[in-house]
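Reviewing the structure listed below.
Order of writing sets the labels: A, B, C and D. Residues in every chain begin at 1.
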Amino acid sequence: MTTLDARLRDVRTRRKALVPYFIGGLTADWTTYVSAAILAGADVIEVGVPFSDPMMDGPVIQAGALRALANDVTLESICHDVSVASFEVPVVVMTYYNVLHHFGLARSAELLAASGVAGVIVPDLAIEELTPWREVATAADVATVLMVAPSSPIDRVRRIGALTQGFVYAAARMAVTGRAADVGDAERVVTSIRTVCDTPTYVGIGITTPDQASDAAAFGDGVIVGSALVQQILDGASAQDIEGSISTFREALDRTAPEA
Amino acid sequence: MGPPDEGGHFGSFGGRFVPEALMPACLELDAAFRDAWGDPDFVAHYHRTLREFGGRPTPVTYLGRLSQRLGLSVYAKREDLAHTGSHKINNVVGQALLTARMGKTRIIAETGAGQHGVATATAAARLGLACTVYMGEVDTVRQALNVFRMELLGATVVPVTSGSRTLKDAVNEAMREWVTCVGDTHYCIGSVMGPHPFPWMVREFQSVIGVEAADQLHEFGVETPDFVVACVGGGSNAAGVFAGFADTTAQLIGVEAAGGSAVGRGMPGVLHGMRSLLLQDDHGQIEEAYSISAGLDYPGIGPEHAYLADLGRATYVAVGDDVVIEALQLLSELEGIIPALETAHAVAWLLRAAGDEVPTGSTVLLNLSGRGDKDVAQVRSILRGES
Amino acid sequence: MGPPDEGGHFGSFGGRFVPEALMPACLELDAAFRDAWGDPDFVAHYHRTLREFGGRPTPVTYLGRLSQRLGLSVYAKREDLAHTGSHKINNVVGQALLTARMGKTRIIAETGAGQHGVATATAAARLGLACTVYMGEVDTVRQALNVFRMELLGATVVPVTSGSRTLKDAVNEAMREWVTCVGDTHYCIGSVMGPHPFPWMVREFQSVIGVEAADQLHEFGVETPDFVVACVGGGSNAAGVFAGFADTTAQLIGVEAAGGSAVGRGMPGVLHGMRSLLLQDDHGQIEEAYSISAGLDYPGIGPEHAYLADLGRATYVAVGDDVVIEALQLLSELEGIIPALETAHAVAWLLRAAGDEVPTGSTVLLNLSGRGDKDVAQVRSILRGES
Amino acid sequence: MTTLDARLRDVRTRRKALVPYFIGGLTADWTTYVSAAILAGADVIEVGVPFSDPMMDGPVIQAGALRALANDVTLESICHDVSVASFEVPVVVMTYYNVLHHFGLARSAELLAASGVAGVIVPDLAIEELTPWREVATAADVATVLMVAPSSPIDRVRRIGALTQGFVYAAARMAVTGRAADVGDAERVVTSIRTVCDTPTYVGIGITTPDQASDAAAFGDGVIVGSALVQQILDGASAQDIEGSISTFREALDRTAPEA
């Protein structure tokens, strides 16, 4: 059990988890957006560390990542920012494997841990290739959050459920990150995860509106909201605007009673 | 050059680094390919299609005048004579047949300059499969005629506006799109790259080059060439020809573009579903490759090549744009074969190495991966100082 | 399709209508060709060169989706896969080898769009012969890339400024120049035209198409096709494929461009050294042909075709530009083969005749004389309404 | 023996023959040029009947032929002009075979004869294909003048010598019509013709200056002057100018004593 596991099981006892996604370094003052989100009720912060070739991201996050890269953002600079900001809620870094691979797996895990990062999501790191990273990450108490897709057959769901740390990322649809009109296949995905493990299960990929978040919370333990927020920031939203948005998500989730 | 391990590793390279959403498709493909490749009916169908439709076997040509000029015996495997003008057809025919066998009705592909896109659209047309090709927006403009070719062949071409809007982004985009349609759609990767089983499968489909060439050289009385030379973008034509000579004493030479030299200037990394050698900056961001030839404009190399380089079984060298045009001109003038700019890299290296790394008197098999028709307008502009 | 009489006549067509200065060369060539063609070594060398350099045998492809669409069994002889992209290579390899055998060191040729010029330059490069190509000035502008291709291959391209500055004038000019250099230079005519022995010799060199195709159809279980269809400019690809089926019950169909239909609209006349059917005005002045496809832009037809038409052994039909583009699109989309615009004429006729002159259920051999890569820019402009 | 044969043998007894070439219909008043030439001492007039594809002609005569064709000149119109002009010296038509073939061989021969044309030169009508034309032409008393080239081997020279009527056209060089700097291989060609027949032998192809004409007359029985004159007319020369030119050729030839 990583620290992240413990903290998220705790969240589950209290409420549906709200996990907003921010691109590290998208703006110079990006951590103030994070603080605003925490103020408005975020339970976990997902911080994207940009990669030039984001295979799992749609146009919005791609655009954000490009902008951040143009600002010379790196894994180190983002970890530094996170470390300085010292957020009260757990931070999970979302990045692509090459970023960690290039920095060095053990070195990355240590940097993340030292910066106060509780976990990572590495969408292109399939369970088949997980071991080298997971060993060093676990040793550093950095949780590795795994994703279940609508296409995952039950035996893979079982293996993923057994390996994931912190939470299970339940992909709501067969798609990359982006905005969508509904929660897609999320219920089926969550249901299948429930049959194999008891780990908190958050729904992501396409969660765009508070209503969708509320729908997802009816069966999941939380939601991840990415492109919808990034788009707002790209469009010039202030930290206050984001605080407002997060509040509406918070309210929508709170309308749904916690499971436990 | 045997199969990779079960996880698709060639030594420490290869593997499967894709989103979970795609893993089932990769596994399904792996199983389907193993099954098909072990099925004599499929293999026969594949070879029959290449023979009756693709123009195989392509000949081996003794390049008498070049040989005399260089003091070598140079033979060329003529993939330029394959349907659509390069070795690309071997792979797409294999994958298209496999697509149909898996019961899928649609095929998607990435393309840079358009060679692989045209080949894929061609195989799709032949088999009645729907086809969508992702192409960097920059490339759709540079290679508008190839866009039109694909459209003539019934394919839809989608301009990719993400990232650098070139080949590597087209791969990303195809992967992203594949996530959304993996149920009825096969992603036909264009080189020995991507997640397992692609690098292995594409090499197997391309190995027909080397297997044929070995037999054909025997007919010329050549038991084993001293050198086997091929250009390397992703590395499929090289892998294909090497496959016929891996168990021999032939020295295997892969020639990269200096501006896309993943072996020379790259570091291990993970991109497009594979661990391999990649051009990267100090922070692991992938760098754009640059080459005069669009087909070598890839910042990586197939994982098996990274492995062969590691083992020392194959040697990878690089040549600059400047000598490539000269090589194209020389081969055209001496042998009546205008090679693709990609292929001209292999020729350029041979010109440089003759009498040196390639000692006088050596026997060389050059993989003539494609024809230069697609490149003549560009070469003309360059020679006129227009670009 | 036997040899012509000793004077090169096919019935009342053919012959030798050239200035006395060229007659000795025609006679020498006749003797040299007879000698070579009767020499098993030469014939073997010719076939070996076509195999090892030219990409022969080209396959026969069963066009399954087109067949289904038309209610026919359609097979295509794939000359598009021959080196340089059309059947033209068969002829130039033969003539280039003959040039060397005659001890001549230089070859000249006429070209319209550039196909024959590129093929000639190719064969000349391969054999180390000097090469000059005469090309109407208008065509050098329209087909600037082919001019560059020939130059890459080491040939000199001479723009012809006489007459209409197109193909027929290029032939005149090549003949005029031949007068001045006939001692060391062979004139490599590009189709079954010109003075004897050219029409016969070129047909013999092209007959490899029909001979191969007949054998290949047997492998498909087709004893004799009901129809053999080929496009006709000068008529070399048609003559070549017909040669394999002249002695069978197959109906031979030559498809001309409506604007260059020498059989349909021509009259007997004498041009370029031969008596044949020619487009002429009321006073015997030669009219320019017009076709969307430069390779069919010839105001005459080979004399043997005029003879076959006279005999009724072959039938000549014509199709207009309008249906040609559609035919090109259909073949591309259904079969993954983009044909040359010339070739598309044959396809267009088949589309029109299927279920009519070509009854449902018929077996058809289509001579796919060349690939369409050279034409895609033009087709694109046309489809965009740009020309 | 055609009438042309008799007339040219007669010329030979008197002087070297001067044969200027004119393109029929090049200008509306083309026959006045011919008359001027006759006045200045031409012995035979060669009249070109233009053809769209003049395989044996160089740029000058090509250009002239194109211009004449643009004036809608035809075999019939030129024959009409010749007939009206009724020149005192023999007229020999130079044209390509298709012009005669298209009009009909017998019909052409009759038209030519009726118009007072004494002979024809058909450069693309080789001796191998001569018979059909020669039969009808001879029947109409139209001579067919044949050419010997530097490349003609002696056996062909013999056959040509036996078949030609009126004169032998001795090609001075391996080239099409045009201007040249010397008389080329003319002497060798004429010498070989002399060994096989006694027919008057005129040198043509490239004769450009009076000096060359004089050179040629040293061994031949006459000269044909084509491109040099056509160029003058294309350049705007008047009939009088042509008369002047022909006079200089005449004088040059007369400097050479007749053989016979």
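The criterion applied here is as follows: a contact is a pair of C-beta atoms (placed from the backbone, for glycine too) under 8 Å apart; a residue touches a chain by one contact, two chains touch by 3 or more.
Here the structure is a predicted model, which is why all the values come from computation and not from measurement.
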Problem set entry | Distance from the mean Cα position of subunit C to that of subunit A, given in whole angstrom | 66
Exercise. Between subunit A and subunit D, what is the gap in Å from one C-alpha centre to the other?
Worked result: 98
For this session: Using mean C-alpha positions as chain centres, tell me how far subunit B is from subunit C in Å, no decimals.
Result: 34
Problem set entry | Multi-chain contact sites of subunit A, meaning residues that touch two or more partners | none
Seminar exercise, completed: Residues of subunit C that touch at least two other chains are none
Exercise. What topology does the chain touch graph have (line, ring, star, complete, other)?
Worked result: line
For this session: Determine which chains touch and list them pairwise.
Result: A-B, B-C, C-D
Seminar exercise, completed: Counting only contacts in the complex, subunit D reaches subunit C at residues 51-59, 62, 66, 69, 74-75, 96-99, 101-103, 123-129, 146-153, 156, 160, 171, 174-176
Seminar exercise, completed: Within the complex, subunit B is touched by subunit C residues 51-53, 55, 58-62, 65, 78, 81-83, 85, 121-126, 128, 144-145, 148-149, 152-154, 328-329, 332-338, 373-374, 376-377, 379-380
Problem set entry | Parts of subunit B lying in touch with subunit A, wherever the complex brings them together | 7, 15-25, 161-163, 168-169, 172, 175-176, 179-183, 267-273, 275, 278, 280, 283-286
